[in-house]
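Next come two complexes built around subunit A: one with subunit B, the other with subunit C.
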Partner chain A sequence: MIDIIIVEDHPLVREGLGLALATEGDMRIVGEAGDGKTALEIAAQVPAHVLLLDHSLPGISGVELIRQILQQKPELAILMLSMESNPEIVNQMIAAGAAGYITKGAKLDILIEGIRNVASGGFFVDPILEPHLA
Partner chain B sequence: MAHPSLMLLEPAHLATLCHELRQPLHAYRMFSDQLTPLLTDHPLALATQMDAAISDLTEMSQTLNEMAHALDANTHPQLRTVQLRPLLAELQNSFANPRLKIRQSKLLSETDSTRLATILKHLVRNALQHGSGRCLVGCRKRAGEIRLDVIDQGPGLPETSPNPGPRQRKTGAVSPRHGLGLGLHIVRQLAARLELRLEIVSRPGHGTRVSLFLPDTSVTSNLITQHHSRQQWLSGKTIHLAGMGLKARNELETLLATWGAKITSDASQASAQYPDLIITDNIPAHANGKHCTTLILATPPAVSPAPGMRYLPPPTTPPRLRMVIANILGKHI
Partner chain C sequence: MKTACTETPKNNIQRTNVLIKQASIVLAHSDLLGNLLDCSTDLPESANGSPLIQDCLDLPIGDFADFLTDLDSAGGSLEMLVGCSPHCEHNNSARKVAVFRDSSRLTWVISPQDNCQISRSELTRERDKLRLILDYAPIGIWLQNGTGKLEFVNKAFCMGMGISEEKFLSVDHYQEVIPEEFRPICLASDAKAIAADGPTVTIQQLPFSDGLVHDLEVIKAVKRNEDGSPRSLVGLALDITDRLRQEAALREVRQQLHQMVLDEEKRRLQERRHIAQALHDDLGQFLTAVSLGLDTLVKVHPAGAQVSAYIKNLSELVSEAIQTTRQVTASLRPPAALEHGLKLAIEKLVARLRDSTPIIITTEIDDLSVAGTPEYEQTTLALYRLIQEGLTNALRHSAAKIIRIRVWHEDTMIKAQLTDDGKGFATKELKYSCGLGLLGLRERAEMLGGSFSIESTAGQGTRLLLQIPTPHPAGEQQ
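Take a look at the complex of A and B:
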């Protein structure tokens, strides 16, 4: 079973993700957060394999949040889920320690594949981004 | 059509608005994906229509977002060597339309790949929607440049003024499925930002050819030496290669050396002085991450990863490899 924490400031998107992932037999939502501070608290308290992270949260940059989360939970696989497809930002997030990056326009099966991949130690980038990567 | 007041917004504000607008649209799609399989008959037909309407809205918000980025003087093009092949392949995939024919190319250029992809997307969409329904994309070398053509055999453009603004429409005159009429305007803006020459040849009844002229860097470089070696970003790092066939190892060694890494492949070297990273293509018996991470070029097994092991599933392309190594070593690329 893959335990997942969702960090996303839009409640509707958070709820949609929760519903979509709950239908997968091998996935379970174990925590949710709508801002960086709560994300850090939940990541510290709740055992999980994957943390789905929106890159633009109020009050803290995505890079900073990745670094802080990984400082306290280096084994947690952070999978970015973002509207942003700027390759410079994708590179920054990966260099900061994210194990993968998926755009919010991606189909659900891409997201599922990405979660399974990073949960088992893999690396995953949305195929739509690949032609633009460094 | 775009309301004139939208054009008065600062581009950065417009981009933020579009970003926020796309969030509930994204949520809608996830809810819809859950609901649709439960429906049949008339409710299913209604849900399909609702999905189509939301898709239109999503596409329009994307177009507005691209318009905002095209106009925003604070965002700068990110120039780098671009392989046209994956860009054109992605273009083909994104339309999934048999009426779109794309001639593949191995050429390289120096430009901003995301902005170039946006230009091509709008040109192809225009050609498919407003042309004869068929579109041909191809490119050729010409005097140190690459001429990238998007051709349709439709009725031709109604106007060929040097730089017309967004197409004006009477309210309600055109279905939203025909977009916002901003496509060519965005193309012109982006081409100007990228300093690319744009040529539009259109004759009534004989179709339209839009040509974009890109710098051709294929003649002065090859994939490895130019595309991936602008900086020796792995300088000072030692990488140990283990396993893998001779050909794969040689290719990898060449690439990593181009990035500035010191390569070892003798096991005794690796144990005498621990490398910063081990790369292999099979799961090692012992890798606990105590001294360094092991990157395995394979699909990860469906079990929890052992400490110190990272996987890169195929294909092992240089950009993917670059990203995952940067991730492991914590280097900004």
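Take a look at the complex of A and C:
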């Protein structure tokens, strides 16, 4: 079973993710957060394998949030899920320690594949981003 | 041997005639009616064949009887200065005529023409004319000798300064009538003129009779003695107070216009940011939720093949909508110019374009040391857009093999130059053909207080040069 924390400030997207991932037999939502500060608290308190993280959040977000989460939970696989497709930003997130990056709008199958991949210690990048990455 | 004195009246007359001729004096007699009796020289026939002496000698005598009365009133002798006869070879000169009366006739003595007197007269007339012109020329004019004493000053300058000509000319050095605080600049200006080989121009200020200090453009030229020492100095002072005031007003208007352009750019930038934010935070998220929902729906509630295919199609459409939203959002965001400076922004722009064109693009971009202020960022953004437009034009129209971009800082201007080795064009055709974008660049550069120029010749490439004033932080004087 893959335990997942969803960090997403938009409630509708957070709810949609929860419902979509819950349909997978090997995945379980163990925590949700709508901002960076809550994300840090939940990541510290709730054991999980994967943290789905939006790029833009109220308060702390982005590279700094990734570093702080990994500082307290280095084993947690952070999979970015973002509207942002700027290669420069994608590279910054990966350099900060994200295990993968998927753009919003990617098919659900891609997201599920990405979660399984990073949960097993792999690295995953949305196929539409691959040509632009360093 | 002693020579006997043989003087006779006849001899006396002959000798007198010789002396008269040698002295170039004309001696003539007339009767009391004015008829010419005799003359020491041959006179040309009067124009109308008149025997009257005034006609023969071209004398300004009207009625002879009146003249005779005047002559008697004057005691029997008169002197006149008269013009020469039109027949005379010394036409336009004048002669002195003396008339003496005795009981039966008049003796006329016409002196040789007095060229010196005429020259002095003409000189006086010419001097008066010149003086009139100099006095009322709309410019201050003066002449000073080698020691600073004024020898001439025109009325315009006297009136402007509110100092009489007499006062100017009465002092040993003109500075005595100039207010003390303005003397050093006047003397420095003199020294500059004396040290120079030719005329010098200085801008200086003097207090005028209207109570205001006027700005003057002063031209000085020095006439020298053989040993090089100054003999005299001519000064011309043009009042440029109004011109400078108008130029200052124009500069202020331009500055305001420049600021308006920057403000508009800032407003546009904020608007684009807001739209991008709204697209990203709202529309993008809604579409993401819909996409997830549709995909989940297909998985959780397997429907008939037709419905499933329909939902999948909807999901594809939503995915495309998300991609479009992402692209629009990215295009609305400010270029990297605002975040990392113009150099990086242009290099990134060029890097992107290199992937889509075989044309070689080179860059040589200075680090602009004034970065950091909001004004700089706005100008940089405007400059970036100008370069982007110029580059796009070159890529589309030039058919060049290589495009070179250079950006540098020179004096108070940031300059950007784009050159290509393409087909070029006749610049005079620019406004009628494909040059709307380039003309827009010119308009934009001028609005920012800068300039834009195009040099191009058919077959020999094109050079675009943009110049925009270096922005100054708000409140700092330019």
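Criterion: the second predicted complex is superposed on the first by the 134 of 134 C-alpha atoms of A that agree within 3 Å, B and C clash if a C-alpha of one lies under 4 Å from a C-alpha of the other, contacts with A are read in each partner's own complex, and residues count from 1 in each chain.
We take it that a contact is a pair of C-beta atoms (placed from the backbone, for glycine too) under 8 Å apart; a residue touches a chain by one contact, two chains touch by 3 or more.
Given the structure is predicted, the values throughout are model-derived calculations rather than measurements.
Chemist: Once both complexes are superposed via subunit A, do subunit B and subunit C end up clashing or fitting?
Modeler: clash
Chemist: Does the superposition put A:Q71 against subunit B (first), subunit C (second), both, or neither?
Modeler: neither
Chemist: In the superposed arrangement, does subunit B or subunit C reach more residues of subunit A?
Modeler: Touched residues of subunit A are more numerous for B.
Chemist: If we overlay the two complexes on their shared chain A, which of subunit B and subunit C does A:V13 touch? Say first, second, both or neither.
Modeler: Both partners, subunit B and subunit C.
Chemist: Quick one: is A:M83 in contact with subunit B, with subunit C, with both, or with neither? Answer first, second, both or neither.
Modeler: both
Chemist: Looking at A:T23, would you say it contacts subunit B, subunit C, both, or neither? Reply first, second, both or neither.
Modeler: Both partners, subunit B and subunit C.
Chemist: Once chain A of both complexes is superposed, is A:G121 in touch with subunit B (first), subunit C (second), both, or neither?
Modeler: Only subunit B is touched by A:G121; subunit C is not.
Chemist: Following superposition on chain A, which residues of subunit A contact subunit B and also contact subunit C?
Modeler: On subunit A, the overlap between the subunit B and subunit C contacts is residues 10, 12-13, 15-17, 19-20, 23, 56, 83, 85-86, 104-105, 108.
Chemist: So in the complex, the part of subunit C that touches subunit A is made up of which residues?
Modeler: Residue list for subunit C touching subunit A: 280-281, 284-289, 291-293, 295-296, 299-300, 315, 318-319, 322-323, 325-326, 329-330.
Chemist: Spell out the part of subunit A that touches subunit C in their complex, as residue ranges.
Modeler: Residues of subunit A touching subunit C: 10, 12-13, 15-17, 19-20, 23, 56, 83-86, 103-109.
Chemist: Provide the residue numbers of subunit B that touch subunit A in the complex, in ascending order.
Modeler: Listed in rising order, the residues of subunit B that touch subunit A are 19, 22-24, 26-31, 33-34, 78, 80, 83, 86-87, 89-90, 94, 113-114, 117, 299-307, 309-313, 317, 319-320, 322-324, 326-327, 330-333.
Chemist: Using the touch rule from the top, collect the residues of subunit A that touch subunit B in their complex.
Modeler: It is residues 10, 12-13, 15-17, 19-20, 23, 49, 56, 75, 83, 85-88, 91-92, 94-95, 97-99, 104-105, 108, 116-117, 120-125, 128, 130-134 of subunit A that touch subunit B.
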